[in-house]
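The first chain written gets the first letter, and so on, giving A, B and C; residue counts start at 1 in each chain.
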Amino acid sequence: MAESANAPVKQEPVDAVNLESRILELCMEFPKGLTDAIIQNSMPQFDAQQRVTAINRLLSTGQVDLLKSSTGLVYKLKDSAAVSKVKGSDHQERLVYQIIEAAENKGIWIRDIRFKSNLLLTQVNKILKNLESKKLIKAVKSVAASKKKVYMLYNLEPDRTVTGGAWYSDQDFESEFVEVLNQQCFKFLEQKAALARDSKADPMAQKNAAYTSSSDVWKYISELGISKVQLSIADIETILDTLIYDGKVERTVVAAAAGGDADAGQLKLYRAISPLIQPTGLMKTPCGVCPVIKDCYEGGAVSPSTCIYMKEWLDY
Amino acid sequence: MAGRGRGRGRGGGKGMSFSVETLGFGRGEALPAPTLQPPPLFPPLEFKPVALTTGEEMDYILALKQEFRATMKELPYYVKAQEKKKDIERYTDKYQTGQQDSSINWEPDWKRFPKELKIRVRKAAKIQAVVRPSLPKKTISRKADKDVLQTLEELEKKAVEIDAEKDEEDEEEKKEEDGEQEEEEEYDEEDLEEETDYNLNYFDNGEGYGMEDEDDNLDDGPTY
Amino acid sequence: MSSSATRLCFLILKERYGEVVASVACCLAKKNYCPLRMLSQDSGLKLDQVKKALCTLIQHNLVTFQQNKKGFIEYVIHAEKVLQQTRFPRYIYCAKTLYGDPAELIIEELLQHGQMTLEKVVQRTIDRLTEAMEGKQNVSSTLVKEKFVNLVQTHFVQRCTSPDGNVENKEVASMPVLSVSPEELYVVPKMELDGFESRKRKRSGEGSEAASKRIKTDESESSESSIFWRVNVSRFHQYLRDQAIVQAVASKIDKNAAEVVRAMLRLSEVKTDEGALVASAMTVTEVFQNLPREFGISKQTIEQYMKLLSEDSSEFVSKVSDSGGGMYVINFKKLITVLCRAHIESAVQERFGSKCFRIFRLLLMKKNLEQKQIEEYAMIPSKEAKELLYRMFEEKFVSLTEVPKTPDHAPSRTFYLFSVNINQVSRMLLERCYQACGNLIIRREHETKENRRLLDKQQRVDAITASMEQSGADPSQKEEIEQMITPPEKAQLTKIKHMTNKIEHSELQLDDTIFILQTYLQYAHMK
């Protein structure tokens, strides 16, 4: 209970969804009409405001009706919904609905529904179709695997793991966008490093001057205005990490000065670095890049004497 | 059940030791379709070789490499392939014997080598018969190349003749190339005795052909 | 030995000592030990040919021998030394940079002849230097000897093993027992130098100009030294390794940092045992004192560089203690591993492109990753990441481990972890390098063979014109000869030259990769 009072705002949607489904369940238990008092009694953890929001949503999505009765205002399942949900729908459909509900906004894959419900694939398919047509659930394409669909309750906002966050538009990974950001971040860091080098300061100072915090990079990128979506500092750090894997950037973490803009008192600093070596010798030979080298032997169809890559390279 | 390797990889596994699915190919899905025609022998290159490093240093090292390569061929450590049994006397034969001369005239310091590697001396009169061809050793000729090469040869002979006179005067003033030859000559002098042993042996090849192996198999047998 | 390594050995030896030597060596390489007769049988070569080949191989430090229990002499080939022969031009160049032209020639002579007495090396060097100066200047033998002693003192040249003087019955023994004591390995006995001097004096006393030939006979008669010298390959490798480190520092940090490291490496040469994987600790003051003044780097700046170097992700140097203002070491094993990684990464970059490069480095940094994690960290779309991973997996740049969650090993309940095994990739890549190097040599031979006739013709024309020049023949005559090579032929000759140069350039540069991979693998075995 104390939890509900202190609960962070972002948990609300989940609770609200819970509330809505519980209300629907109560409607089934009280087919003659559900009063606000009953809701309040069975779910004391929700306050009046939350109840009102839930009821309003149920009313607006046409899942319940508000009726007058002798005991005052009561809620009843709307006919169509009521039919399918309580009478028409059997135990199986309810089971599937509950499984999907439990998956929350991360969604659940059809195979897992099958495992959990112990139903045949055809049955599950039929039920899912039913529920979808009633707008009780929806299928969302997951970015995790292009052909995988996950199911979740109709009114839920899919989780970032499903949509992919800033890097996805319509479940498609925007790799070009990522590459542009990767290049721009590097350009920024490289300019900074070049300035530091030209400063002729002592070596340690040069190195320090080349470092830039992730928030500075973020500011630079935001000002460039190349992003249609709002990027967070964490998003930029993800991009900067790719530059680390690219071997172009190094990161160091320092304790942030008081009042600094870093979280948890740490400041992530990045700087562009020079490569350790020039391209390795093997790659200066045609054999280094040859796609058929494993088929190559003297006297074979692919052989050093007949190699056309070698010829091209020698003619150049 | 599917505990052993063989049971696994159902779906698109096709004999791989792992499930193709882990590479992200859904069952049968993205696995490239079986190709209907053989791929080109040399498919177009996706990446080109990186440009070579250039500069003075590299050029110098290259020169060292090429010089070294050329020198080694002239040094006596180079062992020429054994001559095939001669069926016909070839025009080029005399050049080859000339080359062989130069290829065997070094003498290991036998204090430091196993004795069994010594090639046993066969005393035969033939040794005297070794005649050095009049042409310089450098001459390499595989196929007589019609008139051009013949003309060249004649010219060469002339040049040698003219040379011969000059030679005595300025022996020291030679170019690098000749320097290598000079080196051989030094070895010649130094190892004259043993060299002839080798020589002899070589010339014996034709004669003792076939016999040779049995002969040699007598470990530490008598030398004659 | 792998087939590509064997093939490369064959090609190298064939080019230097002829096909017979190459065949014998490769036959020998297939066995660990082999007696003479068996070698003759296996190679199908005549016994005398095999004997000669073995002599050449022994002379060039590629084959050693020993007596087995039955009393047979068995021959052992050191294939790794054969493969190192492609590096000879580098050694010669190192000697030149370190000690100048005489040293260059000393090393070249030693490499050409395998083993030589001091006297012969010095004489040959003097002859060649005189030749190069066209007799305009006298070459001092003192200078050449000094260089020789330098090279021995700095371990670039060492004594060969020699027959034990104490064993009196050596005349009877079928095989000399060769050895050299570690104390003597890098010592030039005074007698060697003096003996040479006195003989030289004797010669000049005789007033004989006919020079070298005479002396050669002399020395072989009586006073010839029994001490032979050869190039110490591992010392050159140490130098090349240090060069590679200095270059990497220059590239990653700057030239001054490279000079600081160079000074440290010089210092470590003195302080550290040969073959040690970590250099002895040194202080900033020591480094400062070892840094040539002309760089104008203050002690304070060196301190900063030491900090930079030790903080760098490549860990060029490590601080081992705070005493004496900080003691620093260079960890060669670690650094070579870093360099080896960089070379492998470069291969990935150039062979598969930057996306693969990113994935590959990601795997090196995070060790074991599932495909999904790779996609997320590298920010590469799932489908593309799959393809890239598969290509690298297929070519054995990345490996895959199955970690079953359940005892039934069901694929759906198994983790598939990708990772990189540097040791394995190094081996694979080294193989590839050997194959590439062999291919280059074959292609070069092929181009030469295709143009044999033309090249022969050129050689003859050159020889004739050269001798005509010497004999002062008429220039018009010379021109006439030169015109025997037609313009199209000339163009073709230029092309051949270009091709040969390009191939040989890349043979040399390919060896940079080979060197780092070999060194890494060698160190990986050392504790």
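By our rule, contacts are C-beta pairs under 8 Å (C-beta built on N, C-alpha and C of every residue); 3 or more make two chains touch, one makes a residue touch a chain.
All values derive from a computational prediction rather than experimental measurement.
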The chain whose mean C-alpha position lies nearest the overall protein Cα centroid is chain C
Which chain pair is joined by more contacting C-beta pairs, B-C or A-C?
B-C
Between subunit A and subunit B, what distance separates the C-alpha centroids? Give it in angstrom.
66
Distance between the CA centroids of subunit A and subunit C (whole Å) is 54
Taking the mean of the CA coordinates per chain, how far is subunit B from subunit C in Å?
21
Could you pull out the residues of subunit A that touch at least 2 other chains?
145, 278-279, 283-285, 288-289, 307, 313
Contacts with two or more other chains occur in subunit C at residues 350-351, 382-383, 502, 506, 509
Quick check: what residues of subunit B touch more than one other chain, meaning two or more?
24, 46-47, 49-50, 52-53
Taking the touch rule as given, give the residues of subunit A at its contact with subunit C in the complex, in rising order.
143-146, 167, 173, 175, 178, 182, 202-204, 207, 238-239, 241-242, 244-247, 250, 273-285, 287-289, 293, 296, 298, 304-305, 307, 310, 313-314
Write out the stretch or stretches of subunit A touching subunit B in their complex.
145, 147, 278-279, 283-286, 288-292, 301-302, 307-309, 313
Okay, in this complex, where on subunit B does subunit A touch?
24, 26, 29, 41-43, 45-53
Considering only the defined contacts, which subunit C positions touch subunit B in the complex?
15-21, 36-37, 40, 45-49, 51-56, 58-60, 65, 73, 88-90, 92-93, 108, 111-115, 124, 127-128, 130-132, 134-135, 160, 162-163, 170, 173-176, 178, 212-213, 216-217, 220, 226, 228, 350-353, 371, 382-383, 385-386, 389-390, 393, 400, 402, 407-411, 414, 416, 452-453, 456-457, 459-461, 463-464, 466-468, 470-471, 473, 481, 484, 500-502, 504-509
Help me check something: in the complex, which residues belonging to subunit B touch subunit C?
1-3, 8-9, 18-19, 21-25, 30, 46-47, 49-50, 52-54, 57-58, 60-62, 64-66, 68-69, 71-73, 75, 77-82, 103-104, 106, 108-109, 111-119, 136, 138-143, 145, 148-149, 151-153, 155-156, 159-160, 162-163, 165-166, 172-177, 179, 183, 185-186, 189-190, 198, 201, 205, 212-213, 216-217, 219
